[in-house]
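What follows is a pair of complexes built around chain A, which joins chain B in one and chain C in the other.
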Partner chain A sequence: MPYKYIGRTTSFKGKTLWEIVGNLKNFGVGRIVVRSVFERYPEPSYMKILKVETLPTPEVVSVDKKTFRGKPFPRPIVIESSSYKTDYRLIPKVEEEKYCKRIEEKDVRIFPRTFEFPPIMKELILREMKEKGEKLTEVPPLEIVYSKCSKKTKYRIAKDGEEPNVEIVMGFGTPVSPSLYEGIKL
Partner chain B sequence: MLRLVNNFRNLTITKESLSINYTNYQPVRWRKPIWLPVAKTKIFKVPPRTVIPEEEKVELMRLYNSYRTQIKSLRRYLTYKYCTKFLASEDPEEQKKIFEEDFARCIEINKKWNEEQNVLREKRVAEELEVNLDFARNRIELELIKQEEKLQKVEEIVRREKEQGKSFITSENIDEAIEYALHNSVDYNFAIDLNGEKIFGRENNTQEVKQKVSVLANI
Partner chain C sequence: MFKVLNPFLKQCTLKKLNYNNYQKFNIRTFLSQAYYCHEIWEHRLNNPVLQKVNLEELYYELDQRYQKTQQISAVDVDIFANAITNESYVDEVLDLVHKLRLSADTGNMLNSTSHAVIRALTQCGKKEDLLNALDDRLNYGLFLDFYTTNLLLDIYWKNKDFTSGARVASQLMLQEEFDHPLSNSLSLLHCYNYLFGPKDWPQYPKPEEPEEEVKIRVKYIRNPYDDDHFDLRDPNKIVGKTLAMFTNSKNDPLNKSLNILGLVLYNKQNLVKEVIKECTTKNLVLYKEIIDLIPENYESKEEVKSLNTKSADIQNLLKTNVENSVQEMSEGDIAKQCKTYSEWEANRINALEEQRKRRLTAKRLADVEDLKAALKEKETKLWFFDNEEQIELDIETKRVYYPKRWFGKMKTAKNIDEDYVPPEVHAKQTNI
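Moving on to the complex of A and B:
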């Protein structure tokens, strides 16, 4: 059934999981399904269906082997709460191999462990130290808090003495699109 | 982006910008209640997506990401520095001493409050007792009045009965009463003629006084 969307625009594109899986032989076990929202990444993200079960509500549970951004998950996952979303696409058998082919891994991004305090705070800390009687001219750097999840998958934090290859600084930093700041003193 | 930077540059705080015009001040812009449906003119409206140029999008993402990272880091630093939960592990003796001092101070305040409350409580209890006693006294008074009235009523009944008792037939005057009854037989039977006159007695005794009764009036 073609969907006609009314109201707000949606980022979804495709069918629900049941619409795909219900029409396939053996409920599509062994086939490859993709979510269109994950297709924005250059690396392939796909799910291989291992088992399908139906629920009383118009939903479907499927156990899938998921690969996200080229990295497979260690254990199969269950898709239940998001199976209703009209965002799935079936990959034809002919294209499966081509689609799932891994692309070469890029260099690992190494993020810095610390950065400096903001200027006023630095001054405050110095004064506090002076009051306490500690003689320090330099304020110890501030440890950066990274997302727990992304830390494992997307990048690595620099070890002691390692040089980070990504710049993260306190303050404005270097713009990615300098054309936006033309004629402005930064 | 350019506008954003220019805005920062022009950010000068004046007296006018700080003062709020309270006559036109509207903190929340109420439009319509949330339970009302979508307006009929807007049901099939598909608003277009805002399109942000790619380079602006990338720059905005970078700015937001770096802002969040900085704030998160600073927040954690300040939490570790000032949160008592993390301070506790620094010097247990000092912490214990501070706690005990604080506890003693709290107890002192509590004692003071208790004393104040005690005075108030005693006063209140005394007042309540007085009110209750007044109430009880009033009730006793009312009860006594009620009993008095009841007694009077009973005595009235007794008096009436005693008066009536004089005409009662007793064993002493029973013979007289029988004699009287035998000599004064009363016949309540009567007949009515066409004129509405009552004719007493079972036998037609013409010597009896005829009593006129308006039968028609009774109908």
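Moving on to the complex of A and C:
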């Protein structure tokens, strides 16, 4: 090819927001725009354009209602600094419904609410309880404090009586890539 | 002589009487003269705002302002576009619309601007310019609404210009607006007729490439992406997609056959197969003429040939569709358009007022600032001797201290020993 462009590569696949919105009547208000980067998740992530304002040279600010991985955000968001990214794709009106309904109910990971105390601490607590004269021979379980789950994840803390999916183990547990630990006793 | 004149007169009166009979005279347009709303459109020039406009001065002023401030206002462009009456300022209008599109005020561009520009360009017969501007939405921002689409398609039908009609229809397809039955039927008619003699679709020549490899440095390389919608350039695909999208939701034989034809031209094999399957299960009988338009080198031609077909006069069918829609929609459209024109006039006056007020307040603020600065100057001059000591103290505080530049530690010159002989280095043999 006679013209060879040299520069940094990007993993974007699509058009800039201005190239989409400038081609549509009324700047595409009410249409659904999708970022190719978010299409790697099985749940649909899309943005419905609510309002568009133009800036000089091909830059555009759009206010839209975002749905990320199947969960809509409560308040509309503003796309300004990321409108230059050549990553956006317009969805035809005919396919809008089909695209936005593409939610697969994946298993929600439920984390246990309580956990056992470490052994030495257990002993100490038992001794304390005996000194105080409490009749319990078992140590009450320790309630786990999790860092606040983000809206984007599908994790949940088990409520009373619910069976947790995920097991938190003292020690190694099952490694993510067992091939690296072959032949080693865990 | 009278004998010769008589039939001539008779034909004239016949034509006048048959003004509304479209079926016999092919040259006649589908839409009545009332649909064109010429009088009401010319009536806009009676508006006091537009009467005061001097096109040359206005263009000069807008140009100057743009060169100074790189800003152009949507209302001004709207007034300019609406004030055009002849073809002398057509290039200027396109230039202004282009500048507006690239500035920040594009969001405020009024609908009447694009309507006025389209009407002016068709009146002057500048078909190529109009179609190129409609195709290039990023640079011009001219969009068709149903009324202008119907006007354009009607004019192109009169001139038997099916290529232009197909191009206009493709604009509707790109905006995905299939609501108006009149526009739908007219577009199908034009696309179908275009396929009989495809020609004159503009081919944008590729830019000249030098023989040797020329390397250009860019910040980020853009990955090639064809979105199959705004990026379509092949006329067959465009017309195919237009036909397919217009006839998607309908189920009668005419629309289904046009759907198959469209999908074949657009090159979507799996969709064609689906539609064929649907037709065979529902046992629809399609139209032979339309199926025959499918090009010979199409792969699944056998499947297509297996469909039940019957013959019909497609042209007549399509034309009757158009006539039905005309009768249905014509009056409503005319009424709506007249109302829109009056709304636009009111909007224009309001927008102009607001712009005037904004500019006035901005100017007043600027004047006040200037006045304040001038007064301050005068004050320092008048009260100089009273404030002399204070001024002398102030002079000290106004002194600017610049940070000292650090050139690095002061290096002493190396003492070179003249008798110094550098040692000989042998590569050591190490055994592992």
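Here is the rule we go by: the second predicted complex is superposed on the first by the 106 of 186 C-alpha atoms of A that agree within 3 Å, B and C clash if a C-alpha of one lies under 4 Å from a C-alpha of the other, contacts with A are read in each partner's own complex, and residues count from 1 in each chain.
Keep in mind that, in the parts below, a residue touches a chain if its C-beta (ideal position, glycine included) is under 8 Å from a C-beta of that chain, and two chains touch if they have at least 3 such contacts.
Note that the structure is a prediction, hence the values are computed from the model and not measured.
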Next on the checklist: Quick check on the superposed pair: does A:V176 touch chain B, chain C, both, or neither? Answer first, second, both or neither.
Outcome noted: first
_Quick check on the superposed pair: does A:K93 touch chain B, chain C, both, or neither? Answer first, second, both or neither._
second
Can A:V52 be said to touch chain B (first), chain C (second), both, or neither? second
Applying the document's definition of touch, where does A:S81 land relative to chain B and chain C: first, second, both, or neither?
neither
Subject >> First, second, both or neither for A:I184, with chain B first and chain C second >> reply: first
Of chain B and chain C, the partner touching more residues of chain A is C
Handout entry: chain B versus chain C as contact partner of A:Y146, first or second or both or neither
Key = first
Looking at A:K15, would you say it contacts chain B, chain C, both, or neither? Reply first, second, both or neither. second
After superposition on chain A, the chain A residues reached by both chain B and chain C are 5-9
Per the touch rule above, chain C residues touching chain A in the complex are 70, 101-107, 137-138, 141, 143, 174-177, 209-223, 225, 227, 229-230, 245, 248
The chain A residues in contact with chain B across the complex are 5-9, 115, 118, 121, 142-146, 168-170, 173, 175-177, 179-181, 184
Listed in rising order, the residues of chain A that touch chain C in the complex are 1-15, 18-20, 22-25, 27, 52-58, 86, 89-90, 92-94
Per the touch rule, the chain B residues reaching chain A in their complex are 1-2, 5, 38, 43-49, 55-56, 58-59, 62, 66, 69-70, 72-74, 76-77
